[in-house]
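Take a look at the structure set out below.
Chain IDs A, B, C and D follow the sequence of writing; residue 1 opens each chain.
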Amino acid sequence: MAASPLFTNLDQIFILLRDWLVGFLPAAFRPAAGVALGAIAIVGAFPGLFAVVVLLERKGVGRIQNRYGPNRVGPFGLLQPIADAIKALIKEDIVPYRADHVVHFLAPIVLLVTVFMAFAVLPVGRNMVLVDMDTGLLFFIAMGAVTELSVFMAGWSSRNKFSILGAMRGIAQMISYEVVLVLSTVSVVMIAGSLSLTRIIAAQNSYSGVFPHWYIFTPWGAAGFLTFSIAGMAETNRSPFDVPEGESEIVAGYHTEYSGFKFAIFFIAEYLSMISISGLCATLFLGGWSAPFSFLVFIPSWIWFFSKVILSLCVFIWVRGTLPRLRQDQLMNFAWKFLLPFALLNLLVTALWRFMGEGWMRWVICTAILAAAYVIMGRVSMRNQHFGPRRYRYAE
Amino acid sequence: MTSPLAGYLLVAALLFAIGLAGALVRRNAILVLIGIELMLNAANLNLIAFWRFGPHPEALTGMMFAIFSIAVAAAEAAVGLGLVISIHRHTDTTELDKINRMKG
Amino acid sequence: MIATNPLLLYQFGNIPPPPQAWIVRWLSLIPVLPILAAGVISLLKQRFRRLSSGLAIGSLSGSLLLSIAALGHVISTRNLMLYFGFNPGIHDVVNFTWFRFGASTVDLGWVLDPLAAVMLVMVCFVGLLIFIYSVGYMAHDENFTRFFCFLSLFAGAMLGVVISNSLLLLFMCWEIVGLTSYLLIGFWYQKPSAAAAAKKAFITTRVGDVFFLLGIVWLFSQTGTLLFYNHGVGSLEGLALVNLLSQHAGLGLSAAGAIALLIFAGAAGKSGQLPLHVWLPDAMEGPTPVSALIHAATMVAAGVYLIARVYPLMQIGAAPHGTTAALTVVTWVGASTAVFAALIAVAQNDIKRILAYSTISQLGYMMAGLGLGGVAVGMFHLITHAFFKALLFLGAGSVIHGCHEEQDIRRMGGLRSDMPLTFLTYAIGMLALCGFPLLFSGFWSKDGILEAAKHWDISKGPLYMLVFGALLTAFYMTRQVCYVFFGYWRGHEPAHESPKVMTLPLAILAFFAIALGVIGTPAWPWFRAFLENRAATFDLHGFAEPGLLELMLLSSLVVFLGLGLGWRLYGNRSPKPEAPDVLERSVPWLWKPLRDRLYVDEFYGATVIAFYAWWARVADWLDRRIWGGIVAAIAWFFGLWARFNRYLDVDWVDGGFDKTCEELSSGGGLLSRVEGGRVQNYLRILAAAVVALVAILLWSSRP
Amino acid sequence: MNVVFYLLAALTLAGGLAAVLLKNLVHCALATTVAFVGLALLFLQLDAQFAGFAQILVYIGAVAILIVFAILLTRGSDLPKGGVFSRTWFVGLVIAAGVFAVLAWAVLESVRAVPQQTTVPAVTVHDIGNALLGRYVLPLEVVALLLTAATIGAVIVAMHEKERPKP
């Protein structure tokens, strides 16, 4: 599989571009300038992706809900994101009179900064990672943890009961699901033997025949992927886990009192964190930028990464359009009584997998344990929950 | 100041003193807990600094101490704040001047 | 010696001694199974009805199977030995030491011989039928599980009595039997009469048991062992008996005779013989299956069985065809009980009470049989009586059940058509009890006793008494059956037939009430031969013995006379329930004392109980006046002393102590200002102390 | 010793001071997070990446959140009437100053005697993992036990007590 120079160059085109640009500077500034260029690329590229995703979501949810979605601005409504951006920028920025102004101002900034920082360790293609940290995964998760603080800041500083309620709900939910999130990444770390995301991808970037060694294709990996995706959805406050901003109950949750550009920042940050979680999910379980089949490696790695991310985002949108919102207690019960034990069991199974050695035996045993646990725990948690036919109390 | 270690240690000492002052002069129990967290952090800074500038960094002793200390601090915070909430429920206050009864 | 010891027999016959048969080694399982079942049932809650009854019935079925195996083993061994021409005195025993004190040991053990084997099968079989019957009879009782627990415990203990080879083990089981009897009579303890009856039964039998225990202790002190059979050195075997005979106990009795009389006192208590019979009629307060099982078929027979078991002791010193003082006493007591109880039974109106007096009377027959003719005669009547009396009681239970808990025979009548199956079986039982000629087992067993009485040399008194008893028996049973089954219905609600689970045991028992007679006819006296270790032969010439036919004719005549008299007086009359009895109208001076049970209870009330009441009053007076006075004086003295002490304490000791305490507490107040519960104070002191410590350390470590 | 260190030290100490001095409890908590961030950055500057990120994850992601939760649950964000400092604040201040003086004295006295490593230690996460599950496995287990116990204890302490029937 000797890749032709053309494809190699195409694969590394952004690295080459950076080196070419940095080459104009004196040698002393080159490393710093390289990092700065990378940061600029991230700050530029991902909001662009955000625009695409927003459009995709509005169109997709519209289709699911049997309506058109935006179709006025530009051809097929394609220019809608630009119109939205302009609207957000020129709207008045209203701060409530009794609000804690400083904290109110800082909250979106903290949120945006931490969300952007998480992208620093995400490898978007071969050699394309801003900071190849030894503790990349830990960094990513630490940055995710800081967002909770900004949620609290936003909710508390607004002096609004909807805001504070939304913040409390959000924090409770995010803390609960963060535990699950971290636990499901730990099994990957156990097998890959590293916290570095590039190493984790490298560990998956090999093939049996034409098929890749992605972790999702193992019993523990599939289970981990499942728990990670669910926890990721909850971590980003996406439907069906969007009680913190459930508009039917508490208006818009912790960002009720934000308007104009600050609101846009919250909006962007939510989608960016969604993208970053999708990226991490792809990195951990779907082989990151590696190709799905060995004969497709000639296609540039960053294309694979972004297509996986977009695929994952499509699933996010699909789920949002399909499932109803959960109640707060259901959400907590689900996290602590189902996901957490299951993730812990998955850790155990991963250890079993690691120490059982090669052979079909470990496939059978690990799959059996996980499937049995899933079924039993599902049955147990569904017990005493009486599902009858839907009743319309007021509509009849 | 010639030695980098001394700088870190002094910062840690100052932070420790600040934390202690917070624990001593504030009336609110939660603030006292914040002060204790600051003191623990100052100790962590000490540990890391000693690890970094000590003779055998590859033995990782100071680092391990710091990591375990972080874990213990998390447990301490959870239990401490649980106690504060419980006390608040009983006495309807978190001000330490008023919490001096020895029985619930 | 060869003849009596099977082990020696095997040696001399050059046959290798066989390993002890498994059934002998596992014989103890027979009582243990029901006792275990009782233990398990006692742990069950009330709602496990099916499980508890199933456990009880299952365990007793197991015991029955083992018992049949034991009987089979005994029969086959005996046949083998008879074939070799030896007189097989079979006593397969398993003995072990329970505990030892000093030089002597207390041994326990169990024995398997024809007597025990026959009794085992009888107890298990009748017991099993009664268990099954109880499932139906007690179906509506909320304490169903408790009932079966007690029943199982009783069955186990009774089987223990049967197999025990040690007088001590027998006594222990005997007492458990007494206990369960007490528990079951008082089963419906909410009824004051039941509770009183239970107490009465327990205390009355205790009187006999005290003598029994005395006998046991005497026997142990004389022979040093309580084992019956122990390869020649047991207390019922050669040497020990001779020894006992040579001892004199005064009043012209040998030690053997005295001990035998003491043991008989125990047996009389359990079997309701004359002076101690008063508890048995009252015991009918218990549930009917209990009456059938304990107070008719098995437990009361335990006394008879005990006499049969220690028969060598009773018999020792008698000349051939002669008798001993002990056996004479047994005979007279038995015969008078038979007549006495039968007389009372004539004038009773409670269906179960009649049967209870009939039981006492029949027990008298058994005792008389033992005294007159030996083990086989008495035991044969015991076995046949167990079946037909159980049948009668269960039939009475069925009647009571069908008549909605009505027990007064004057309020029944005409049940012949309402409860045909019960009537049929009851009639069979009644005819067997009366000794209806030839067909029924009761005839043959009673005839054996009468024949023995006829041959008794000392007096013809018992014969006349027993014949008179037979007449009375036929009369009162006829009276009862006429009241219950003939005439027309005098109760309130219509009667109904009992369920299958109750009638099936009746049918089985009825079959045996007829068929058992086969093994004891003069032509083929298999039972007697079996118990006396002879070969039985079938020979119609058995009837040709001089005087036998005449006797059979006489007893048949007596029975017919009784039946006819009864039918003449009561048949199909259906008097009003409130109307006086036929006999009461014609011979009131005779009727009244009979109805009032010949005033035995009143006599005891006026003598024994009155004496105890008087004695209790005396003790009470002593307690209150003499002892109470002394105690009060001592208390007064100590009160004085205490007052003096208080003065010392309050004014001298306390004063100083209080002062010290005040000082201490004010000092504590000072200290407590430090421990004010303010955490920040603590922290402050801690930090200040740290500062001081570090400063001292640094200062002292200066170069 | 460079500019970055001074900046980070200043940030940390300012955060700590603000945490102790601010009136509003929520502001105090947020200032504490600033101090935590400063400390984490100091850890990074000391080449202790793992400890630094763990610091962020645990202190900001968990402890700070716990603190603000506790504040909200105890209505701590309302300003108390009697002032935020206790009556004996001066004594406390003096003692804290004394502690700092003693510590600084000890540092300055002894720091010259300690040999100092200046090369960057080549320690990776892999080494930390090996040490945690090798030499330090017993403390690790003990900490695991402690965390479990603390979780249960915190839940029980903060759990709503059932209403006891009044006698």
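We adopt the following convention: a contact is a pair of C-beta atoms (placed from the backbone, for glycine too) under 8 Å apart; a residue touches a chain by one contact, two chains touch by 3 or more.
Small disclaimer: the values here were computed from a predicted structure and weren't measured.
Q: Closest chain to the protein CA centroid?
A: Smallest centre-to-centre distance to the global C-alpha mean: chain C.
Q: Could you state the distance in Å from the CA-based centre of chain A to that of chain B?
A: 34
Q: Quick one: chain C and chain D, Cα centre-to-centre, how many Å?
A: Computed value for the inter-centroid distance: 83 Å.
Q: Where the CA atoms of chain B average out and where those of chain D average out, how many Å apart are those spots?
A: 5
Q: Two or more other chains in contact with one residue: find those residues in chain C.
A: Within chain C, the residues that touch at least two other chains are 680, 684, 687.
Q: Check each residue of chain B and list the ones that touch at least two other chains.
A: Expected reply: 20, 24, 96-97.
Q: Which chains touch which?
A: A-D, B-C, B-D, C-D
Q: Flag every residue of chain D that touches chain A in the complex, lowest number first.
A: Contact set of chain D toward chain A: 24, 26-27, 30, 33, 49-50, 53-54, 56-57, 60-62, 64-65, 68-69, 72, 77, 124-126.
Q: What part of chain C is in contact with chain D in the complex they form?
A: For chain C paired with chain D, touching residues are 680, 684, 687-688, 690-691, 694-695, 698.
Q: For the complex, give me every residue of chain A touching chain D.
A: So the residues of chain A touching chain D come out as 100, 103, 133-135, 138-139, 141-146, 148-149, 152-153, 156, 164, 168, 171, 175, 178, 193-196.
Q: Please name which positions on chain B make contact with chain D in the complex.
A: Its residues touching chain D are 1, 3-11, 13-22, 24-28, 30-31, 33-35, 37-38, 41, 44-45, 48-49, 51-55, 57-58, 60, 63-64, 66-68, 70-79, 81-86, 88-89, 94-97.
Q: Please output the residues of chain C touching chain B within their complex, sorted ascending.
A: 676-680, 683-684, 687
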